[in-house]
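Each of the next two complexes has chain A plus one other chain: chain B in the first, chain C in the second.
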Partner chain A sequence: MGAGHAHAMYVHQHSAVHHLAPETKIAAALAFTIIVVATPREGLLAFGAYAVLIAAIAVLARVPALWLAKRSLIEIPFVATALLLPFFAAGPKVSVLGLQVAQEGLWGGWNILVKGTLGVLIALLLAATTPARDIMTGLDRLRLPQAITQIAMFMLRYLEVLADEARRMRIARMSRLDDPRFLWQVKGFATGLGTLFLRAFERGERVYLAMRSRGYTGRLPAALQADNVANTRQWMTVALLPAVALAFLILWGLQ
Partner chain B sequence: MHISNGIINGPVSLAYAGVAVALLALCLNRSRQDLSDRLAPMAGLVAAFIFAVQMLNFPVLPGVSGHLLGGALAATLVGPWVGALCVSVVLIVQALIFADGGLSALGLNITNMALLGTAVGYLVVVGLMKLLPRSAFGVGAAVFAASVVSVVIASQGFVLQYALGGEVPLTIGFGEISAVMGGVHALIGLGEGTIAALAVVAVAKVRPDLVYALRGERLDGHAQASPKRLVVAGLLTAAVLAGGVSYFASSAPDGLDATTLRGCTVNAAGEITGGSCIAQSQGEHELSGGLLADYGINGVEGTTGIAGIIGVAVTFAVGLAIFQIVRRRRKARV
Partner chain C sequence: MKALEISDLHYSYPDGHEALQGVDLHIGAGERVALLGPNGAGKTTLVLHLNGILPPASAANMRGVRGTVAVGGKKIEPKDRAGLAEIRRRVGLVFQDPDDQLFLPTVGEDVAFGPANLGLRGEELAAAVDEALAAVGMSDVKHRAPHHLSLGQRRRVAVATVLAMKPELLVLDEPSSNLDPQARRELAEILLSLPVTMLMVTHDLPYAAQLCQRAVVLDEGRIVADGPILEILADTQLLAKHRLELPYGFAVPV
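Take a look at the complex of A and B:
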């Protein structure tokens, strides 16, 4: 689990999108999300255009469509909300397939569905083309307080270590005839959590002392984050995405 | 549960993002005082712990598993400032790297789960620790109650956000949404509370100095947290919550109900007696004739709280029955 270790969401490719500086990608994804959320729900053409933009980026970044589809399943609880809304919304009713549903609710469900999906897809493309460490570097360059980016970096670095520790404790429990099914495991599970916290906290103290003895003063060396800084051309290239999306919003979304 | 894009409108999301940034700056400032230059590695490991906790699923019922939210747990173990900071970092990383929770809804999610949940959890723990004995049982009971309250309050934070900036007006009133959300999350909170309490007791027995809410004080004696007392305390908390807190829920028709009733004349019992309005087209709920309908016992004034307590008792009885049946079957198999 080294610093350059990519996270589970990263799709290893060498595309133009992968090679862009991380801060530009984060800014573009955020701007794009805001434009999508700001689009009135009746702007069907604009949403269609956004979907085409996302498909174009996915092709450019060589992220497989199946991967995107699988990962976007995270949105399922909100699809359920979207499907329920037509039955609980107020206002005039219309008949769809023999069911009485509220017109307002249909629009509301569509609104959540389309904005949620587009938001998840752009976030997935960001994660697929940018290693976790680069995302944190990008946030740092976007002037997020260094304390937060550093905490996040440590978190990502030790997440797998702690998850493995939890797995080991579970195996140790099972090999001592614990039966981890249903509610019987609650006590063991919870005590395990307590132990996991102790190990995490004590590891944090050890890591701090080790870093301290190597000259750590609260800031990470700047050299760690010096490569692949965005230049004007990269910013201009990436600005295309929100600019085009904004054009579609003005053209088709705000009628 | 992370809010995704498009559920709450833009202006409200933006306002909450502003609130979240301001409060996070405060948390960051106070965390530095707690940890100084140890902040990044220590808080990083604690955040990794919370993330790992959220990844560990445990079976609730066969086929259904749940995971912890960890707000109250974090607040008890590392204090409100570092706790809120760590949960926020977890949420930011989940939104950016795991596409969980909308980017535009980040402020909403941080306010509910990281700030509100942690702050409420911590206040409850500190308040109860003043009343309860400084024993393993006392800490456990305090953490249990804090988890339940913090999860329920966090869910009410979402209801408030929906009332402010929900994209769609609903036929069910906000009082009912709040009751439903609160009820569901109270059940989630019972599970969360049990596990958080046992985990904190485990830590407090070995390293009481690491439990922020104890502030390094040793536990009294060797009183064991007996499961029986924990169950009794849990039931009492749930009953107090359901019976007491539900009185605060307004029984007057809220804005939306009032709108649907406009144009009708209504008698003292709330029945429509004449005129024409939207509410007439409302269908009756199948269970509306039931004993607990509208959260009050039929024909008795001011019984919302009693209905709540009965609800808790029935839920507990059903849970116990399922548990016993499964246990018996398990024994039979062995």
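Take a look at the complex of A and C:
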């Protein structure tokens, strides 16, 4: 069993940011992202200020810069798109380092790059300071439908059980000389997926029976997640982030 | 008062398969009873009747569904929701696969699930959780994720999840399956230390002999034998007739 899977994104620290109630952090991150996306792409100064804000939170939360840098590699496919845009967009051309690129494409690429990066960074900071379990709790308290939060929570719990089952099935297949390296040998893999789905489905039924046996009636009891509920002070504190970002947007973003 | 009274219980699945064909069973308070029987005998169906999961409220008047189950003198009514909640508090079902039982991200939350459904909160809830985990010797894994525990640990935690509801009747489905010998023995010690009425479904006959005083054999939806466990295990003809077998080299202690 892969140890520590549930904490893949969490950076264990005891900082002011870590101790904030999860719902406040989610709301702040969301508001911040909206402000970033709403900023016109020409507002260079505003983007710079947002980056400083993020750096400040990272320092406050004691999240290592290298960790952030490594994790933000997830953004690479978008970066590739952003880099291609200047070459394929139509319109007036400018010369950069001896290359003829479209001005419109340059701005378009920059737009994707800067907003994507800032969005990824704030999401990473949220994940680094909030265990996955607490994010579910936060979403639940933000009145996201329980059907969605419960599904997400089950995923959190059973992903590894399923992966384990898939691994065992694969080993059992290999032991009987299945060698799914080529496309025409993919049949075993495909039927394996079907079996896995059926098993997951049946497990779902059994889990439901076990839950009902302990009094489940459709809602998870709120008492399970009673600790660290946001108070007004916490809400005021996190409101600082979108408020300051909004100030930057008005000051430097909208000319 | 009897801990469990089942009289003339019949149940047919919607496909017509008659899983239970007139089961009568009485268990006194404090008894530890083994429920034995071959695969497909109806053991699981019977167990699901003990806390009102079966019959579903919609099937209560269907053909082939009749008989009564009472726990601690309280009859199970499939349509009485409040009554069912009380029955589910009284009857703690521990399922065979702990991964079916433990569905929340941490052990502590999972143990809290049952009592929280009963309306406990705050300190009361925390106390119930700590007490249940202590009873199975698992207090130090409270904040861990279930999938980081060994099977033996997970099964003990699964027992704690129902102990936290302070059940009067503990029902265990194959408690010893897939455990290594030491985990198996440790679980036996824990189960023997619990002051509750216990019904244990198992194929592990020596384990049943160690833990229970009485055995009930279920086959083809009927109780075919009921008596002191050592007498039943010594009756080779009876065992053979119902596809039960003592493991090689095991002799019934006299």
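Following the convention adopted for this analysis, the second predicted complex is superposed on the first by the 244 of 255 C-alpha atoms of A that agree within 3 Å, B and C clash if a C-alpha of one lies under 4 Å from a C-alpha of the other, contacts with A are read in each partner's own complex, and residues count from 1 in each chain.
Everything below uses one rule, namely that contacts are C-beta pairs under 8 Å (C-beta built on N, C-alpha and C of every residue); 3 or more make two chains touch, one makes a residue touch a chain.
Because the structure is a prediction, the values reported are computed rather than measured.
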Overlay on chain A: chain C relative to chain B, clash or fit: fit
Partner chain(s) touched by A:L20 [first = chain B, second = chain C, both, neither]: neither
Which superposed partner A:E75 touches (first chain B, second chain C, both, neither): first
Once both complexes are placed on the shared chain, angle at chain A toward chain B and chain C, C-alpha, multiple of 10 degrees: 90
Contacts of A:V101 with chain B and chain C, given as first, second, both or neither: neither
Touching partner for A:R157 - first (chain B), second (chain C), both, neither: both
Which of chain B and chain C A:V238 touches, first, second, both or neither: neither
Partner, of chain C and chain B, that touches more residues belonging to chain A: B
Partner chain(s) touched by A:V63 [first = chain B, second = chain C, both, neither]: neither
Which of chain B and chain C A:R214 touches, first, second, both or neither: second
Which of chain B and chain C A:L249 touches, first, second, both or neither: neither
Which superposed partner A:A89 touches (first chain B, second chain C, both, neither): first
Smallest separation of CA atoms, chain C relative to chain B, angstrom: 9
Overlapping contact positions on chain A, where the chain C interface meets the chain B interface: 132, 153-154, 156-158, 161, 203, 207, 211-212, 216-217
Contact footprint of chain A on chain C as seen in their complex: 48, 51, 53, 81, 85, 88-89, 91-93, 95, 97, 99-106, 109, 112-114, 116-118, 120-122, 125, 145-148, 161-162, 165
Sites on chain A touched by chain B in the complex: 7, 9, 26, 29-30, 33-34, 36-38, 41, 71-72, 74-75, 77-78, 81, 85, 88-91, 102, 104-105, 107-108, 111-116, 118-120, 122-124, 126-127, 132, 135, 139, 145, 147-148, 150-159, 161-163, 166, 181-183, 185-187, 189-191, 193-198, 200-201, 203-205, 207-208, 211-212, 216-218
Chain A contact footprint on chain B (complex, rising order): 1, 4-7, 10, 13, 24-25, 28, 31-32, 37-49, 51-53, 55-56, 58-59, 61-62, 77, 85-86, 88-90, 92-93, 95-100, 102-104, 167-172, 194-203, 206-207, 210, 256, 260, 278, 323, 326
Complex interface listing, chain A residues touching chain C: 1, 3, 5-6, 132-133, 136, 153-154, 156-158, 160-161, 164, 203, 206-207, 209-217, 220-221, 223-224, 226
